[in-house]
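Read from first to last, the chains carry the letters A, B, C, D and E; within each, the first residue is number 1.
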């Protein structure tokens, strides 16, 4: 019996979520608060207080959602790859759970960037979609996210799903710059789209404040959701353990 | 068969195994010397197949260590792979290759191509040598899987319920084969539910090592709410 | 080592031959799929000529992908993969041998059939050589990247379709450079840069893909 | 009978849901495949608009076909098919229940995703409704014909790819009428005739395909 | 279990079987009455599984006839399907469905949804009811397959090596289950290599009926060339 107890203790020695949960408990209200305040302030500033653009009218205000979500989409994928690398090398469950919990958030931001860009495109270019280099690589990123999520879901055993996902995320992260590079090249060598490319409007100083607020807010929101999802994941694992233990023999 | 290392020692200390996030067994020790045999038995789901997969190196034990002549296995996984034969629940017989072709592939990959014909004869498969795997009955396919044991000499045999679907004659042949292997200094680990003629085998009842339900559930139920965070993932 | 490598290669080729026409299906799919396009798009020769390199490359991509699930799945299900993993050859090289056999039975026939399709689609003659060269460099990359997808999904019952989701986004650069080379050749530009990129990709994939695939396979065997 | 029919339908849908996103892969493949075309063909919106109906239909066809091998193969390999054949429901109706579940999880999502692709490919708005109607009539035919191919190859290890070979030629008429209807609608012609042919094809397939599939399955179980 | 038809009679006359163009057995007769049992044994490849597949209706015998209460089976295949349960070498357990879901599907399809829970208990699977099929060990999966016997009452059970991978306890359960089935008037045909507690069973040694390769080859070799045209296809 003593031996069994020892085995139990050492089996789980390195896999203890306690520290994470305690830290998360402190961080969560801060993240939630910063996200709420920054996003609210950014939206008020961006949608009401900043003057309309002289060329684009009010349509350009989509930027305050579009640009931060596009940045988050890329940032989260890199974060996922880093977490996956850590999870793969050290086999630490927390890294796996973080990667897994990030994916749907990243996919959602990618989707928002695509959708908002598309909505913006209609007034600006007169079409919902062009096969521009940046748009195309964003679309590919979206597919990579979907593949990752699908792969993880396909495994009955979540630890295996996490490791399979880690391999895919690492392969994918090598591929992203290659896709970006090739798509850039593709679009410049074919004759450019009938409608001229995104002309980056030089930014007025008044636009920078709401943009920054939104970026900070989105990042805080991401961490907030991450904490929630990791907690949920930990709880789910516990339930599974109990249920399986109950089912044993 | 004299090529087998004499005086080898394969030992496990305090092994523990988790599958699908659920502990299966823990605190398992054994020592196996040249010529020795280990007989695993125990109820369904007690972890016999899991243990064999750990011994073959497919699964990592979550705790404990495995040594060969005192050296931990993890240090030289290739060396370990070369000294074992594993026959699991699956037969690994290709349906479109003939029995002889199936076997020859394995014999050749370890550099003993001439071993294949001999192996067929030993399991009473000579008449089926040119039959494609797809046409075999359950027991014939099992024999073809067991014939791989002769593809190359290896000191450690890991057999997961080897007699399943074998008829009496083939079971007797297998017993003779294992006896000869041990006499030549080989070791064998066999999981089985039926009686199999293994003289002087160490018996392990996996049921005794399995992590009981009560222990697992009870432990977490006892925790005070504040401690819940320190539970395993 | 060499003998074990050749052994696996030989066995897989033999299995493919035993599979009869079944193993030539990739190329037949390639031809049928590419000939469906004129039916879908309409028979105008100019239009067809314009989209021909793209259609040929996209169909080559689907054809390579289509039988990827057979790369490791059979060996996994019947227990052969376990034994290969226990064999003398490192799993990375086992993967390489299997991918090579796979490419010889799916990629190479595509390349042989490609000129026929180019004729059917009215592609400009000046692109033929580069089409073949680009396929020769590109299809092995497709097979190698595909092996990672196949290895990741090997234990899953529903693998077949999931692979395409994992692998298609990774195929994008190869498609772009492959088509770019052919288009360039038709227009008369220098296509060296494209081919160099493809060759570089091939080298990279040769090194990285087997490592990733072997890691995924080890996991599946746990 | 009805209960047994609904039982099989429900079980297959449940299995698809348990497969997670994995079972939505047909539609994801559809979207990815169709977005590969611009990468191959080039980004000009006019050209894309012109080939859009064809590309969408061809990709719908591949997407339906791609997971056909899972229709009976799993049940065959794990022994469920034997038991279904021994059950109270005639094998023809078992096939119909399974095809219905298959269409609900692959065909229907395609139809929902089709407008997105039409936007991506810059298809003319006037073709949208008929695109949906033609897919609604056409994809069930694809599933039904596909089931015959799946049943014929169920015992074969290499079925997956062989199916496409058997099934693609049979898909040609559906492709032609489907694309014809959409093209007609874009140009402003009457498309009734096309749709009637598709509806007729659907009725015919509903009657004939289950009989042929059941016969093939009985043979596989010998 | 009193629903089972009493006084039924299942008989085979002069059955012959060919698989993969090779004759397997011929001249096989048996009669099975309510409460009776048929025990098939014989060496690997002698045709036990093939005979069971013929009795289930998957395979057509090339010669001979099968009757139920005197009526040939071929005349009403649906009626025959409804009166039998077949448990073959494959377990038919879906990896993503739980054990209970797996079973409930079969129970429901024959209109006895309430039978599922009872069936689980009888095979000692209650604790595993909510575990997905893919987490089962070999023996646990076999138990789940056998639990289908209770999904609906059927007078004729066809069991192909049912005890394979079962532990001693589960084997004893199965013996009890078969005994109760026979006591209620059911019949059972079991193929097995191990001893199984079947009282008063008719034993058929498939080895005695098998068409030996030598006989088959010899027969055609002996024919004078002129007679060759009269040989079967």
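Simple rule for what comes next: contacts are C-beta pairs under 8 Å (C-beta built on N, C-alpha and C of every residue); 3 or more make two chains touch, one makes a residue touch a chain.
Treat the numbers as computed from the prediction; the structure is a model and nothing was measured.
Relative to the C-alpha centre of chain E, the farthest chain centre belongs to A. Chain C and chain E have Cα centroids separated by 45 Å. Chain centres here are Cα means. That of chain A falls 55 Å from that of chain E. Averaged C-alpha coordinates put the centre of chain A at 33 Å from the centre of chain D.
Each chain gets a centre from the mean of its Cα atoms; for chain D and chain E, those two points are 37 Å apart. Among all residues of chain C, those that touch two or more other chains are 19, 77, 156-158, 162, 165, 168-169, 172, 176, 183, 222. Among the residues of chain A, those in touch with two or more other chains are 143, 146, 150, 154, 156, 183, 186, 190, 244, 246, 248-249.
Looking at chain E, residues 89, 95-96, 127, 135 sit in touch with two or more other chains. Touching pairs of chains, sorted by label, consist of A-B, A-C, A-D, A-E, B-C, B-E, C-D, D-E.
Per the touch definition, chain E reaches chain B in the complex via residues 19-20, 22, 42-45, 49, 89, 127, 135-140, 142-143, 161, 164-171, 193-194, 213. Here chain A touches chain B in the complex through residues 3-4, 6-8, 10-12, 15-18, 21-22, 93, 97, 156-159, 234, 237-238, 240-242, 244-246, 248-249, going by the rule given at the top. Remark: chain A residues 127-132, 136, 139, 143, 146, 149-150, 153-154, 183, 186-187, 190-195 touch chain D in the complex.
Within the complex formed with chain A, the residues of chain E that make contact are 95-96, 127-132, 134-135. Put simply, chain A touches chain C in their complex at residues 88, 140, 143-144, 146-147, 150-151, 154-155, 160, 163-164, 167-168, 170-172, 174-175, 178-179, 181-183, 185-186, 189-190.
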